[in-house]
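Next up, some structures in structure tokens.
Look for chain A in each of the two complexes below; its partner is chain B in the first and chain C in the second.
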Partner chain A sequence: MALDRNWLLIFAVCVVLAILYPLFADGYQLTVIRDALIFGLFAASLDFFWGRTGILCFGHAAFFGIGGYIMALVTLNDAIPFASLLGVLGAVAGAAFVAAIIGYFLFFGGIRGSYFTIVTLAMGVICQQAAVSWSSVTGGDSGLIGIPPIAFDVGVTQVDLSQDLPSYIFVASIVAAVVLALWSISRGRWGTVLTAIQDNEVRAAALGHNAPLRLLITFVLSAAIAGLAGALYVCMAGLVAPDLSGLLLSTEVIVWVAVGGRGTLLGPVLGAILIQRAQQTISSFNPSLWPLLLGCVFVIIVFVLPDGILSIYARLKSLLRGRRRAQ
Partner chain B sequence: MPPKVCSPVCAGAWQVLPDAMDFVVTTLLNALTLISILMLVGLGLAISFGLMNVTNLAHGEFVTVGAFAVYFVQSVGGSFWIGLAAAPIAGAVVGCILEFAIIRHLYSRPVSTVLATWGVSLILQQGLELAFGLGAKPVTPPIEGTFDLFFTVYPAYRLILIAIAMLTLLGVVLLISRTSFGLDIRTVIQNREMAEGVGINTRRTYAIAFTFGAAIAGLAGGLVAPLAIVLPQMGVNYLANAFFVVIVGGVGSIGGLVAGSVFVGGLTSILNYQISPSLAQAVVLLAAIVAVRLRPNGLFNGASR
Partner chain C sequence: MSDVLLQAENVGIRFGGLQALEALNLTVRDKELCCIIGPNGAGKSTFLNVLTGTLRPTSGSVRFLGHDIAGLPLHRIARLGIARKFQIPSIFPNLSVEDNLKVARWGVPSPGRPVRELLDLVALGDRAAALAGELAHGQKQWLEIGMALAIEPRLLLLDEPTAGMTPQETLATAEMLLRLKGEFSIVAVEHDIRFVRALNCETLVLHQGRRLRSGPFHDIETDEMVRDVYLGRR
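For the complex of A and B:
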């Protein structure tokens, strides 16, 4: 299939760029792109659910935050051995668990579309409030600081990710592996059935597919990867704060996916990197300008670019083709 | 959240019963305050979300705009009542512009509506912050003092708030059930194509209904302004709660709206005495999710689907 080949080609180009990047970048630039890649992973996790099911989760940062807080609490506790590994596992499992509970009630309760969006929106609001008010555990408004970088043993060698280059390589390979895995899931039978459910759930059910279960598993998987991204982020940043589960981040991740192109998995990663670049530049002028611009971006996407930046190419192509035909 | 209002402490074992009555009545009135506000905010959502199938995430900003209208009128020397009259007008103006510029172009694209209205919500929040500056805005109630209700004394303004909310709701019920415009709305909701077929301008009916809902939400913002912390970001809490009112209560009837408001508002008020407000919010959310699972069509409507 030509589409698959195109996707793999773009993916390969991105991987090559990611490999070459350390040759030209200094340590600071590496950490910037590393953090952006983690948010890209987060965006890909949302896209895996939203892009394939057409159901928008408006509180995805809740899973990012849950993963982050679990990772922070595990690694800050000296009594726990293999803290990094257990922390990541706990983060993934915790986010998946919360998603499983909420998803069970919603999907099997017949909640779809806008209703789902609203409930997840409220879930995000509550997670942030919980992070602020449960201060004995979460550190309240100021969050938790001093989270150690990821360190674990592989055989006899110790992997220590406190340096810029190793942490960049580590994050980049995880992002590449997860995006590739998500893509192969969603292009295969699983994704096809999800598309069928999105098109017409009743008919898909009539063909023998357990639609609520499929949606639930997809949602849990998506949340687990968001939790993984959260865990990675707090280790790299060294701190965790209530903003990580907040409404603004939930909003931003939607913009990354929408700008990058919903359903492409790779587009959201690129969207995350690009928009964070823009955000840093704009915030350096005036921090309160960013939410304003973010709002404008939402409106512009809807009316001008409903299929994201990757669609510009296809649009130009059809435009040129149309002109040629006209001549 | 409304602070707990207490009567003067009375000593003596024989007064246990009046004390208990005081507590019950105060809790009930606090719940009633919250329920009234939720009903007004939820009404606009029930129209746009429940009936027109438009997910308007900027609905909370109508509340904010209403509250800021009261603040603005007071800050230039006007009285609270002028501000309260300005609040629904401000809400209606914003709602009308929103419908005209964005929502009417997106009736067939639900996810796009979600994104665009959220964008508008961010723009409005940040715009208010740029215009009025950071920090909470003070709004003074029109009357200080309390009202003696035999069992307890209660702030007079809250009683007025409840009364205005109830009268407004009654007015809406009459408008929908008795006027020809109400008939148009009900027709469009039941079957849009048929409504067009019999000569109703559905576009115009939608626009007016949406603006009307925005005005009521603006009124709610004006009413709640003296009790709440008036901030550009205040809308999101009302947004989430109002959506729960509509989802739990079920769409399509005033009864559902009342049931949903009583469920969400009542539970929140009662839990606020026992646990911290954010935990109470979480419990209400969970209860709402479970309620939706058990009664997908809403508390008020039948359980069949």
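For the complex of A and C:
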């Protein structure tokens, strides 16, 4: 209960900060945070699966890329009406569909743990390779450019997200809503049973729980949100490239989740924003320094703060309490 | 014969060159309590695995309410009304005691007793909020019995429920089961004779995968052959 209250409190603080931010930031800074938030949504989608099931997907960028390419192909085709809306739906459905097929064979085939991680790693590599090779559709190495910003009608007014502020508000609201929704799913009955399956799958099955089905649905939901993040990103960036489904992004998203705190949903969003911020600052004076530092940060986090940055406060508190007791 | 719940007929199982079980028969009637005993390696756990459908016998059949259950997925077997307590305490260490029982209730469409009642039944009423991983060994065993009860079973199969318990805990467990007797059928696999004596029920003695004796515990206890096997004279 206390944990729930703390989470909601931190969530509320983040929402307030997100609302106040446009007052102090210029257009460029807004777009930087907006893009970071999209990657934060992507990180939250991985955390929803990894954090609750303990099974690591090492090819999550595949779903991000699938979402991105579907969105690009739909919105670049002039013949399709309501392109933005259909594109987002297609991106979400496409990522979910691929996850359902791969997940079905893995979960019902009894593949878990590192074996799952290895197979999803291969899946990510295959997706990136497909994006490079199928150049008649995907544009090959250079990808597709000129993707229009999201635009749709609400009643009589047209919402056009080509401007910085509206697009920031749009993205921030979606991220807040999705994170809140994922959190309420994962703290209730669904999440408790997932924790039980993570603890002891055979026991859970012997109590009547269909563990593979529950893992599959969680994985599909996670992939669908990754697809949504991919769709949002390509519209904001205006381009899609094979990198978006690549190994590097799959690795980065794992680092964001680990740094922010696995299983917290909010932590990964903050982790994504912080690390991208650091990346821009550091790359500006030495581009080759960044991958080195990123690796070091990851190793340090794993050893020093295995529960992520959100756990710093709790750690300090228990440290101080321990010291006081020692005196 | 309508009150027969579980019927194992002529069950045999072979692992490679090893005949682990041979020609075993067991009939469990509705609301009956029975024990399977035997020295280490007698095939008790293997037989229990066959009875729960997790191992498919190489000969013979196991029928629960007339259905062949061999090879069904675990969750389907649970939903038929077969609950099982594993030999090693199998609980969810990262959930609270209360959540462990809730997860158990959520597994089946129509769960039975409410969580509060389950907690009292397995003497964990004051540990509801504790993490299950932090319980003492005996309490973990009880929690798992509580979880098995939560699915409102027709048949409860217990694999060495008192393994690692103190003598007092063992007797408390026997009392717990005697209190539940008459609500559903219970099959307990044990090698702790004090526990089986306390239950004092129909008993099947296994030795090297075969039936050695079966009958009321009183007759079994006084049987010369059973004593020999338990003392390792044969």
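Note that in this section the second predicted complex is superposed on the first by the 327 of 327 C-alpha atoms of A that agree within 3 Å, B and C clash if a C-alpha of one lies under 4 Å from a C-alpha of the other, contacts with A are read in each partner's own complex, and residues count from 1 in each chain.
Just so we're on the same page, a contact is a pair of C-beta atoms (placed from the backbone, for glycine too) under 8 Å apart; a residue touches a chain by one contact, two chains touch by 3 or more.
Computed from a predicted model, the values in this text were never measured in an experiment.
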Of the partners chain B and chain C, which touch A:198 in the superposed model: first, second, both, neither? second
Quick one: is A:32 in contact with chain B, with chain C, with both, or with neither? Answer first, second, both or neither. neither
Next on the checklist: Quick check for you: in the superposed arrangement, does A:122 touch first (chain B), second (chain C), both or neither?
Outcome noted: first
Ask   = With the two structures laid over each other on chain A, which partner does A:189 touch: chain B (first), chain C (second), both, or neither?
value = second
Chain A contact check, chain B vs chain C, more residues touched by chain B
Which of chain B and chain C A:56 touches, first, second, both or neither:
first
Examine A:210 and indicate which partner it touches, taking first as chain B and second as chain C; both and neither are also allowed.
second
In the complex, chain B touches chain A at residues 49, 53, 55, 57, 102, 105-106, 109-112, 114-116, 118-123, 125-127, 129-130, 236-237, 239-240, 243-244, 247, 276-279, 281-282, 285, 288-290, 292-294, 296, 305
Within their complex, chain A touches chain B through residues 54, 56, 58, 102, 105-106, 108-111, 113-115, 117-119, 121-123, 125-126, 129-130, 132-134, 247, 251, 254, 258, 288, 291-292, 294-299, 301-303, 306
Residue set of chain C touching chain A in the complex reads 73-75, 77-79, 83-84, 86, 90-95, 99-100, 102-104, 106-108, 147, 150-151
Note: in the complex, chain A contacts chain C through residues 189, 192-193, 195-196, 198-200, 202-211
